[in-house]
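The same chain A turns up in both complexes below, where it pairs with chain B and then with chain C.
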Partner chain A sequence: MDLFLLGIDGLPRWMWQRFADSGVMPHSQQLLRSGTLVPMKSSLPEVSSAAWASIITGLNPGGHNVFGFTDLMDGSYSLGFTSSRTFRAKPFWAQPDAGPSLIINVPQTYPAQPLNGMLVSGFVALDLKRAVYPAEQLSSLENLNYAVDADMTVLQQGKPQFVQELRRVMNARCEALHQHWDRQSWQQIMFVFTGTDRLNHYLWEDFEDPTSPLHQTFLDYYHEVDRHIGRILERLDDRTLLAAVSDHGFARQRRSINVNCLLAEAGYLRLKSSTRPSWSDMLPETRAFAMDPGRIYLHRQGRYPGGSVQADEAESLMQELERYLLGLQVEGCPVVSQVLRGAEIYSGPFAHRAPDLVALPATDVALSGRMNLQELIEPTLINGRHTHEESTFFVRGTQHGVIPADMRVEDVLQVLQPQVSTLQKAA
Partner chain B sequence: MTAATITQCSSTAASITEVLLGGDLILNLTAQSLAAGNQARFLQLTAADHSDSRLQICSQVASVAWSETLIPLFDQLRQLDADRIVVVADQNSPAGLQAIQELSSRGIRCLLCTLMEDCGANAFMDEEDAEAVAERLRQLGYL
Partner chain C sequence: MEFKGHVDFRACGQAAFRRAAEGQLVVECRRRPEIGYFDPLSITFESCSEWKKTDCGYMLDGMKVLILGMDGYLGWPLALKLAKLGCRVYGIDNMLRRRLVAERGAQSVTEIRTMQERVAAAKEHLGVDIEFREMDLLDREALFAYIREIRPESIVQFAEIPSAPYSMADVDKAVNTIQNNVVGTLGLLFGVRDHAPEASIIKLGTMGEYGSPLTGRPLFEGLFPGDAVLQYQGQEWSLGGELTPRDPVSFYHVSKVQGTFSVYEACKYWWLRSYDVMQGVIYGNWSDELQAHPDLNTRFDIDEWWGTVVNRFVAQAAIGMPLTIYGSGNQTRGYITLRDAMQCITRLIAAPPDPGQYDVVNQVTDVFSVMQIAQMVATIGKEFGLDVEVQRIENPRVESEEHPYEVIHEKLQDRFGFASESGFADEVRHLFRVMLQPENRDRILAQRAALFPRTRWSGEHGEMKVLERWKPAA
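Up next, the complex of A and B:
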């Protein structure tokens, strides 16, 4: 095998190093000593769908066309949920020279698309039948009680039960990995742990508070992840290039702020009366609106059926919005730390579909782009949020491409591929 | 018009107005009808035979088939009343880049806009899955 790419969703670089050093993740300690671990910048916005799409295509969202989990269909206000069909760039396993690939639980790959090898889709997979390619492998997964996702309703029973559910799903996924790994010779394998992201979202407060009764539960889950990492390491020979990545970092979330509420309060967003407001309720007077998590779009003429912002008004409106967003405070605390221009951060054939502005949240804040204007501060059980900084990039050994000083998710393939090509030639 | 750096962007036939500014002239090298708005001005050929033709401004949607015989006609464009020429070309077609290089070499301010396919319903989750996906995303705070 040439490449094993391990994904650990939402694992911050600093946390992995800390858990490795403190003995929570002993196999990782051994692993991290064998290569280079660096912080990596997530996609903009720092959302899993866009970030994983960048990792597997080597492009920013302007190149692969996935800007978030949701988007408006072109020329309309219809909300669409991005899927594997939204990709307009090929993942590395679909490149013409790619050999047999085993791809398990990579987010944003549902429904499963044909490839040379086997793929089981990750989040937001709904139905295992449509998440598996080729279809004849479905029964083997069913026999393992493979679940496309954890049952989030278990949270209502309590956090310990929820963590148990995450464990159940992770164990079945790992069994599937090893069973199919054994089945044939693979040129590349990519496997992603996603329970880590769910754990971080709901138990971050317990991680940060050593007196919490669930603090140890949090650490134990990572210990379990590490046990699975150890089992993978045992099977890999030195010839295989091993890399590990996460899609974003994590930090404490104390409040989730609805950006559309803020835009409506300031008069930028106007909706007609509706019991269940959506983007299709936007009035032509709307100047700007948001989508998750901090994507801000001008209501441009031409781009939207009722759009009213003309191209030569855009610059002054963006400047006005930047000033407004950066000056905002809720409960005495800043909401936005940085506002970036879409035209400056995206490149590629789909950059015209990009948001005009991307707002990054201030400390302790998560931004939301819900079109529900009832609650500025949204009630939620979530207490951990994604960060743009400090996602993880690790590569074993020294035979790899140059790691950029400012490593980003779209650089991953560029760092790994020179070595993969060398291995392929040697074989 | 004065020389400037070549810039490129992409859009769709339906949403081209989002890149147009007042004072633009559109050189549409695609066969597509562009929804460019009432104020838009296009370049069109006065005759199908390039050797006996010139480029002129019209207010209706127009397109021009690319041919190297068009290149000498670009010399006239500096005299036209326009801030910028927006060259609209199909994706993967070399015509747009060639046109923009020729315009640029003449010191004419220009923008290359590549037309992409619309990203419509078929690029997203099936409609029957939408509610279930929405629920998953709500659980993680995205919706």
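Up next, the complex of A and C:
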């Protein structure tokens, strides 16, 4: 086998190092000693769908068309959910020279598209039947009680039950990995742990508070992840290039702030009254609106049916919005740490679909872009949030491409498979 | 009425609903799977390229509609109308109606072409493609294969024997009616379940399914309204949403009631979707598309078995035969013109029900007694120089001749935007012009004997006695 790419969703570089050093993740300790671990920058915005799409294609969202979990369909206010059907670039396993690949639980690959090998989609996947290619492998997964995602409703029963559910899903997934690994020889395998992201979102406060009764539960979960990593390591020999990545970092979240409320307060966003407000309820007077997490779009004429922002007004409006967003405070704390220009950060055939601005949240803040403007600070059980900085990149050994000083998610393929990446750029 | 706002993706027929994490519903478009998954409430008719604005509201572009019984009085004009609106129209018929009318010694007053000639004429004069296959609804193997092949988005069930007196004439005809209508519809439902479960079913029923309750209870649209209450022995029960009572008035009507229950159950068991159309007595032969060329004529029957009362009265008047009223003539029914009925059906096709939804519409524009109709036809006949006579005869049917009749018919107007485009007087004037053309008048005269009833509900034989004859004053 040439490549084993392990994904650990939402695992910060520093946390992996810390858990390895402290003995929570002993197999990882050994692993990290055998290669290079560096912090990596996530995609912009720092959401899993966009970041994983960049990791597996080597492109930024302007190249693969995944800017978030949702997007408005061109020329309309219809809210679409990104999927493998709107994902417009080929992942590394779909390159013409790719040998047999086993791809399990990579986000943003639903519904499963045909490939040389086998694929089981990761979140967001709606129906296991369509998450599996080839279809004849479905029954083997059903026999394992394989679930495409944890049942989030278990949270209502309590966090311990929720962690138990995450374990159940992880164990079935790992069983599936080994079962299908044994089935034939693979040129490359990619496998992603995604329970880690769920755990971080809901139990971050317990991780940060050593007196929390669930602190140990949090550590135990990572210990179990490490046990699975150990089982994978046992099976790999030195001829396989082994790399491990995460899609974004993590940090504490104290409040989730709806950017659209802030835009509405300042008069940039105007909605007609609706029982279930949506982007289609925007009035033509709207100058700008947001989508999750901090994507900000000018309501441009020609881009949206009721758009009213003229091309020559855009620059001054963007400057105005940058000033407004950076100066904002909620409950005495800043909301936005940085505002980036879409035109400067995206490149590729889909760059014209990009947000005009991307706002990154200030400390302790998560940004959202809901159209329900009832609450500026949204009630949520979530207490951990993604960070753009400090996602994880690890590669074992020295037989790999150059690791850039400012490593980003779209550089992963370049480092692991310089030849694939070169091919892609030529295409 | 203009439909605006969100495409109801449950009704769109194109949507597969999926529940994503945290209660978010998403849909995918069957027509354009490449665009992926959407929030159903964020899609408007204006923004969806699959919907097109027509005179009958927003309609799925190139909608595939299968008309069962395409050769009939209603099937053929509907095929033309839908094709003209841009639907892809498919149809089957076993040509039974043509045989049964001929067996009765009757014929269509307006000459009609073979289906092959009609399809060619539709291409020539209207520029539309209609696909027709001769097929029996009871040949389930062929029917299911055809449904699998075309994957219709809407299926219109017109393939039923539509005559009350025919179903009462003798045991063979009663059994034939039940067999064709009841078994045909039942088989169809299994075919839809297995091969096109997302298609909407437009099932033609009849106002006669309700009967005419002597209590005066309004004839609601199939289901009791939400605030209907039954009071009994000092207690109250809500009837909201329950099927209203059916009281069919012939074995033909029994077959329609059975169809209603079959469709209702299929929607419940298998999440099929259907509108059951309680159609009033239909009359007329005018539609924009039919007028394009005589080769496009739909059939026009006037005899005791296959004609309806208004059409028969005009034909009788045209040949100087007294208009035959059964019994007192105070029997009151709902009526609708062919043209309006076609608009209604088209609007129902355009806005299909939700999966699992069974709904009923009363497709009626006017309520008249038979006596009123005779009076109006006689009056209009005078405009054509006809001195029309009316006669009351013994009633061959078993029915109430004096009864209250209150029809609720709101859904088509309020929910589907139906607006009547034709009235009684204009439609009857048009009919007189057609019936009085010499070749048509000859075809009426040739079947004169078939215009007088012979079929008694009681099973007895013998001529109906004439009770009274008069010339109505203008």
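Criterion: the second predicted complex is superposed on the first by the 417 of 427 C-alpha atoms of A that agree within 3 Å, B and C clash if a C-alpha of one lies under 4 Å from a C-alpha of the other, contacts with A are read in each partner's own complex, and residues count from 1 in each chain.
By our rule, a contact is a pair of C-beta atoms (placed from the backbone, for glycine too) under 8 Å apart; a residue touches a chain by one contact, two chains touch by 3 or more.
As the structure is a prediction and not an experimental result, all values here were calculated from the model.
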Task: With the two complexes overlaid on their shared chain, look at chain A and say whether chain B and chain C clash or fit.
output: clash
Message: For A:Ser280, using the defined touch cut-off, is the partner it touches chain B, chain C, both, or neither? Pick first, second, both or neither.
response: second
Task: Classify the contacts of A:Gly80 with the two partner chains as first (chain B alone), second (chain C alone), both, or neither.
output: both
Task: Could you tell me if A:Ser256 is touching chain B, chain C, both of them or neither one (first, second, both, neither)?
output: first
Query: Touching A:Met152 in the superposition: chain B (first), chain C (second), both, neither?
result: both
Field: chain A residues touched by each partner, larger count belonging to chain B or chain C
entry: B
Message: Looking at A:Arg353 after the superposition, I want to know if it touches chain B, chain C, both of them or none. Which is it: first, second, both, neither?
response: first
Message: A:Lys272 in the overlay: touching chain B, chain C, both, or neither? Say first, second, both or neither.
response: neither
Message: So in the superposed three-chain picture, is A:Arg303 touching just chain B, just chain C, both, or none of them (first/second/both/neither)?
response: first
Message: Does any part of chain A touch chain B in one structure and chain C in the other, and if so which residues?
response: 70, 73, 75, 78-83, 85-86, 123-124, 126, 149, 152
Query: Given the complex with chain C, which residues does chain A contribute to the contact?
result: 70, 73, 75-83, 85-86, 123-124, 126-127, 149, 152, 276, 278-280, 305
Field: Residues of chain A defined as touching chain B within the complex
entry: 47, 65, 68-71, 73-75, 78-83, 85-86, 123-124, 126, 149, 152, 198, 201, 256, 292-293, 300-303, 307, 310-312, 349-353, 366, 368, 370, 378, 380, 382
Residues of chain C defined as touching chain A within the complex: 6, 18-22, 26, 33-39, 41-44, 46-48
Task: Can you check the complex and tell me which residues of chain B touch chain A?
output: 9-12, 14-22, 35, 37, 91, 114, 116, 118-125, 129-130, 132-134, 136-137, 139-143
